[in-house]
Amino acid sequence: MSKKPIIISASPHIHSDRTSKKLMYDVVIALIPAFLVSIYVFGIGAIIVTAVAVISCLIFEYLIQKYLLKAEVTISDGSALLTGILLAFNLPSNLPIWMIIVGSLVAIAVAKMSFGGLGFNIFNPALVGRVFLLISFPVQMTMWPTAIENQAKIADAVTGATPLGIIKEGLQFGETMTDLSSKIPSNLDMFIGLTGGSLGEISIIALLIGGLFLIYRKVISWHIPVTMLFTMAVFTGIFWMIDPEQYANPLFHLLSGGAILGAFFMATDLVTSPMTRKGMVIFAIGIGLITVVIRLFGAYPEGVSFAIIIMNAFVPLINKYFKPRRFGSKIKSKII
Amino acid sequence: MLKTFPKGGIHPHENKITSSKAIKRLAPPKVVYVPISQHIGIPSKIIVERKEKVKIGQVIAKSGGYISSNIHSPVAGTVTKLDKFFDSSGYKKQCIVIRTDAKDKSNFEEIDLPLLTEIKLSEKDILQHITDYGIVGLGGATFPSHVKLNIQKDKNIDCLIINGVECEPYLTADHRLMLEKAEEIIVGIQILMFALHIEKAIIGIENNKKNAIENFKELTKNNHKIKVAALKIKYPQGSEKQLVRALLKREVPKNGLPLDVGVIVHNVGTIFAIYEAVQHNKSLTERAVTVTGKKIKDPSNFWVKIGTPVIDLINEVGGLPEDTRKILNGGPMMGKAIKNTNVPITKGTSGILVISEEEAERKKSSNCIRCGECVFVCPMGLEPHLLMNLTEKRMFENAFNEDIMTCIECGSCSYVCPSHRPLLDYIRFGKSIIKTLEFAKDKK
Amino acid sequence: MTKKIDQKQNFLKGILKENPVFVMLLGMCPTLGVTSSAFNGLGMGVATLFVLLMSNIVVSLIKTQIPSKVRIPAFIIIIASFVTVVEMVLEAFIPFLYEQLGIFIPLIVVNCLILGRAESFASKNNLWSSIVDALGMGIGFVIALTILGATREILGSGSIFEMKFVSEDANTFILFILPPGAFIALAYLSVLFNKISIKTLS
Amino acid sequence: MTVSIIYSVLLLTSLGIIAAIILYLVSKKFYVYEDPLITEVEEILPAANCAGCGSPGCRSFAEKLVGTEDISDLFCPVGGNDVMKSIANLLGKEVAEKDPTVAVLLCQGSCDMRPKTTQFQGPDSCAISALVFSGETDCQYGCLGKGDCVESCLFDAMYMDKETGLPVIITDSCTSCGACVEACPKNIIEMRPKNKRDLKIYVGCMNEDKGGIAKKACAVACIGCSKCFDVCPKDAITMENNLAYIDPYLCTLCRKCVDVCPTHSIIETNFPPKKKKTLPIPSKEKKIKVIVEPLNSNNDA
Amino acid sequence: MEYIIIIIAAIFVNNIVLAQFLGICPFLGVSSKVSTSVGMSGAVLFVMTIATIASYLLHQYVLIPFGLDYLRTITFILVIAALVQMVEIILKKVSPPLYKALGVFLPLITTNCAVLGVAILAIGLEDASLLKAVIFAIANSIGFALAIIVFSSIREQLELANIPEGMKGVPINLLVAGLLSLAFLGFTGLV
Amino acid sequence: MKKLDLDNLNITNKNFINHFGEISKINKNSIIVSLDNSTNCQTCKAKSACGISDSNTKEIEINNNFQSLHINEKVNVIMRKELGLKAVFFAYVFPFILMFLTLIIASFFFKEWLAGLLSIFILIPYYIALYLYKDSFNSYFNISIVKNN
Amino acid sequence: MRKKESTFLNMVLSLAMITIVAGFSLGFVNDLTKGPKAKAKLERKINALKLVLPEFDNNPVAEKQLIKSDKFKDSIEIYTALFNNEFVGSAVVGSSNKGFSGLIKIMVGFNPDGKIQNIAVLEQKETPGLGTKMKDEKFLKQFRGKDPSSFNLKVIKDGGEVDAITGSTITSRAFGEATQMAYDEFIKNK
């Protein structure tokens, strides 16, 4: 006989062993390879930026939950941790520390807790934080330490442009792709991650490993990343075929910038992406399209962040119009 | 590829530990508590008085309306009380308490009835027997069968589906029944096909009951009208709408019945009960029940008299384990937690499941992370997270518009939610409020 | 109106309890559009205050002469006239402010605050009350716009009333002088304002 | 005078008149005069927007008050008679005075009076737990203790007493809006008249079970013994389904019944202490009794 | 090409609501449901077009020839208000059922600063022509529609969120508008 | 948790919009219902001073086939939602298309000012057409009212 | 005091009164401000010119030259400054579409010898706090006294001599381009 009273609860009485915390930590695990590469490439800077972002995200979440909302503190659920990591992954590795803290504040306080915390936010917190920083401090946010050279440096990093930045500026200034091809890193370098850029976005191979791990663990489904990358490839491909001198090839677009990081880790954020597979496809097509438009015609060399938060805004609309088909709502079978 | 329904569904651990245990007959209990509302619809009307002597199979409560059913005494004995006792709904309900007459021999007869394959009764008489002998659906919903089988002229039924799916984890009563009473079930099917002039019948069985499938295939080798279909293992395939979709690719319309697509679905147990009622004039006073649980010493299947207190069954399988925290009437997905062990077995009880400490506790729920898992597994194409939010915020009208009423309460959503949201709890709450509102509206 | 109006109350309500910007959300467009600096906010606020005051005065003076059914068109004409006057005067004498405020000057016409006050207050009350009401509401508007402008300027340019208090190269939150900053700053300012006004009122 | 001025006058006048005529036509068609009284009435109303009056909000109630001739059957429970009187004064209409009422809880089944036999796990909501079962105790009529009523109260007039597990109504804050009555799935909150000193006598129990069963489930249950019924000089007490009910309008607050109740299930409030009420002190081991074994309290056949 | 630039600029880059701050009142006020927002967008499309045509003609062929430029504000507001109201009256007279259905569906729209603002901006376009002005107006009303429809769908979703007490209502709506506007900054430089 | 408002909860299909109103006048064969302020404005503090939305109640006329209604009775005005959108289409979007097309076509043939005027005046025949089809509209846009209690 | 009744005559009369008063007073105010308005407008131009040109005593605005350009849609404005009827320099409006947010329009004042006297920004839509730093003294001063024929107006990054604003290479580049264009026109029309 148990000492405790018998339990009454409503069905179902069993539960699968997945928890949201496990999902979050799976994503953290999936990000480890990319983090390792970035430590190799950027050295101590990568560690500092990530640590500062993570710690400040956790602290802000704690303070807000405890003192402003006076609610239960849930910083151990891994979501603030993840926001911190992903925010850091979107920053250059030599960003001044106070800016990282500001970015974390915006991500957590403005984009997440103002909406009620985990699960209620409309926009991806990490990206809101990043875009806020990008627009407020364009200078610091667009100075990318070059790969390898800065491994041991903390200050005065040697900076250079990202491949996308090189192309954007070059093309605007009338150079052609052939002229530029010598300035940009090789596809292999980009695939491994030996280029400048945000600290987490550079290594395609590491990100792919993480992304596939997430798909294998069923944390994310393939729909968003595959559709998004496919859309990008198709549209950049069209322009490339029209004029290969003015437009970079699709492979370059997929390997450069935050395409892969965005596709696997940020566009797939469960909270801010649609709920149905159909919706996800629409959402991802939108992201791909907007990214390409911004990259090719906009002022910014890179458009993934903007594209994702723009499409985040459309998610409620997508959810509203792409509902799962209700069972029995349309009778396909013949009635005899 | 095995057949199944296309959208949603889950596959919890099956735990069918009793699938090789033959159904044993239990000695009649000392006292039975027979609730007068064991079926969906209007409770029956008691027609016996205190101290009255009753015989096995005697009608003790008469059908109280159109959707209602007769209730028969499961034992021979004396009515000692007409009072309210807790039943599996968690509320006290009117019961007829009968003390078994230990001297009456009929209580102890092993009633293994011979197989009768010949159908002697007319169509009308068959239906009359089903009505008189208190047959209700044994698949869980306990819907009075004579109502279901009373088909209007304008409806055209072309297929009878026998629900042998038993997709609930742990439960094996239907499985055993299909093994042990296969011939009777085939006759039962033929009775119904004859009574309703149906030319086709399909027995749907999930692929984890291979021996039952083989058994039926063997028996129906020469009968082209009855088919046996193996189904992929997926919960809630036993739900009639999903089953019809899986077997026939017909989709029962929203708010519709299988009838609307020309199908009647019956559980194997019901079919067997119909067989006995028609061929042997036997009323529905006992049923097969699985008594199981991970820590139970000797989990088994039993033939149990309606009204037997749960404790009698549990004692039979070795008593309650030390750390019992929850006892379920039914399977883990749809069963109801009961308040104490005196709750009686009713016509709708397919199993008793004893759950211990570690599995009984519910985890704390956290915010919905909008992962869409619940949407993905909902077999009805609903958005459980939305329905829960709407009911939580008391926006019942919106919930209604989001088709909350079509939820079949399968619990797949609650099962799968990584945030442990009590989705179905709220959906049920919303449904109940809307029902009362609609009811109030109808009255106006 | 038989009720005696407490003029102090009447004046203060526009500043706190019925602040047109933070509480009533009237005239949001100029509020957000021109407040990239404290000075612009002040300028717009004063321009609006002027139009509000003048039209309240005129409406209150001639309220008995206007048949009630042409009230609205009459008010619109009166307001539009004053707006045009403001526009011309600014263009002639404070051209740089005129340029900064741009399209939002003519839009004072459609600022609900002004028509609303004319319609719901000035046309029913005597001259003095109308003036006090207009001053209260107008000053509430000026204060709100200036606060918003100052906030955005401090955060966005590191200066206040064009006086820079950080070094030339310091990093400021440029976002706040851009459109999103207007919305975000107003959002949090109104949270703050509501907190404060609840405290002071109770 | 320059030409420009003449032009401007001409243009504006013609435009103005045309526009004005149009606008006039419009305002004639569209403008509905809004009675300033409505706003005034709204200002008098307590602005609780609780819908206790039957209108969705205070303003629509104000509209109703101004709009209807006879307002005697309209009542703002929150504002009470005072508010209704001043509104009536303003509108020059008659109001009927209503006895102020207050919510009372018809259940005394605190944790130590009613042993818990089960534990509910699920959303903290009475309505939801009521769907699954009748409550954690063996009394299926009493309070579920999840506080739906407390949540529904807009006036902070209720709180859950941690000790007893029952909601407590703060009589002074209760505006008798009736929200809690509607929220309770067990219908155990009643609105009872509140006289000057807030003296009330009522049966704090809803248990309709027979005496023995009721008593076993809860030490302070009404067991339907009819002693109070017999002793009441004013016939204010009715017995139905093993349960006594005291009609507040017939009761003269003589307190005779209070003493005769063997289970102390009749509650008196705010009376000067007559005798110290002795509640039956339940034995310790009864507090939480786990009932998993065959329990005879349920079916003592 | 020129028109395409005008259209892209008005819808994405200089979105009338999110970047130019015109029409904030209806944007915040009539956006609690998606269906009303759609209706509102249709109405704004019509009103902006007709207002722009009328004020363009007035400006180009009356005010400028007579040197009455300075009467722009007052004449525009009169003409637009009158025109819009006239349409309503005509509608009411001509087709009461239609008018009724509209009334149930939408709040009346009258002149707001988006309409007046677009009319004023349209006459100030470079090399203005009537067609250009109208296209500008249409593009802006599409921009308005885009913003308000997205915004209203977000608001519908937020209705189910546990917004902290202090943020409820206006602040959260402004914040969403701010973040939307932030997102739209991504389109900078498209034209 | 909000108070459970059983009376105001109406189970309607999602394709309907639903307004609360009050009967303000009953004529021989029509009744006039004044609608409560549109839901958007109901909670707005500034409605008394607001120009964009109708802060005043709106009245609509409905053919009376309910004999049992009386003045001041609360009713629900129910209309199919798609009708609302259709109404917007006929009242605004279609005339807009008409206007725009006229403007484009006319700009090819006439002076700018003439084209502009034409495109405004094209509305007149449109409204005449609407007038002619009044009756079919009448049967199409049916708005029903349902008693509230 | 009673309100006027809403008879038609009353209405028309009162509205007519209001509009007449309004029209009259607006016309009047317009007349009053016409002068100052025009003056303010002129002053702005002159001020810009004063900023970029050496001291002059003529009215350059009146002697504005408009030159059609094949490169640009708008014609190019050149203002000539005279002091004691002697040519002391001219101001040329240059523009570039390659700014971060499109058009940048500047006015460049040249000495008769082709050296840049000063530059003023007329129109720009650059990012506040970033591209707008081109108005800052720090950026502008590097152009003063430089002769574009010897001073390469490209930014250092592109091999020129202009020290770009940090984070605003694009703006700086466009600025240089506009200056170059002004210089070209100046030389052409000298």
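Think of it as A, B, C, D, E, F and G in the order they're written, each chain with its own count starting at 1.
One rule holds for everything that comes next: a residue touches a chain if its C-beta (ideal position, glycine included) is under 8 Å from a C-beta of that chain, and two chains touch if they have at least 3 such contacts.
Note that this is a predicted model, so its numbers are computed, not measured.
Fewest steps needed to get from chain A to chain C, stepping only to touching chains, is 1. Counted as hops between touching chains, the shortest connection from chain B to chain C is 2.
The chain pair with the larger count of C-beta pairs in contact, out of A-B and C-D, is A-B.
Averaging C-alpha coordinates per chain and comparing to chain C, the farthest chain turns out to be B.
Our note on geometry: chain B versus chain F, Cα centroid distance of 52 Å, whole angstroms. Annotation: 34 Å between the Cα-based centres of chain A and chain E. In terms of their C-alpha centroids, the spacing between chain B and chain G amounts to 86 Å. For this pair, chain A with chain G, the centres built from the Cα atoms lie 44 Å apart. Shared interface positions of chain D, i.e. residues touching 2 or more other chains, are given as 4, 7-8, 11-12, 15-16, 19-20, 23-24, 30-31, 117-118, 121-122, 125, 128, 131-133, 291-293. The multi-chain contact residues of chain B, meaning those touching 2 or more other chains, are 90, 320, 324, 327, 336-337, 339-340, 361-362, 393, 422, 425, 428, 433. Within chain A, contacts with two or more other chains are made by residues 1-2, 4, 6-10, 110, 117, 120, 132, 135, 138-139, 299.
The residues of chain E lying in touch with chain C in their complex are 18-25, 28, 70-74, 76-78, 81, 111-113, 116-117, 120-121, 166-167, 170-172, 174-175, 177-179, 181-182, 185.
If you check the complex, the residues on chain E that touch chain F are 25-26, 29-33, 35-36, 38-39, 42-43, 45-47, 49-50, 53-54, 56-57, 60-61, 87, 90-91, 93-112, 129-131, 134, 138.
Residue ranges of chain D in contact with chain C, taken from their complex: 12, 16, 19-20, 23-24, 27-28, 31. Of all the residues in chain D, the ones that touch chain G in their complex are 2, 4-13, 15-17, 20-21, 24. Here chain G touches chain D in the complex through residues 11-12, 15-16, 18-20, 22-24, 26-28, 30-31, going by the rule given at the top.
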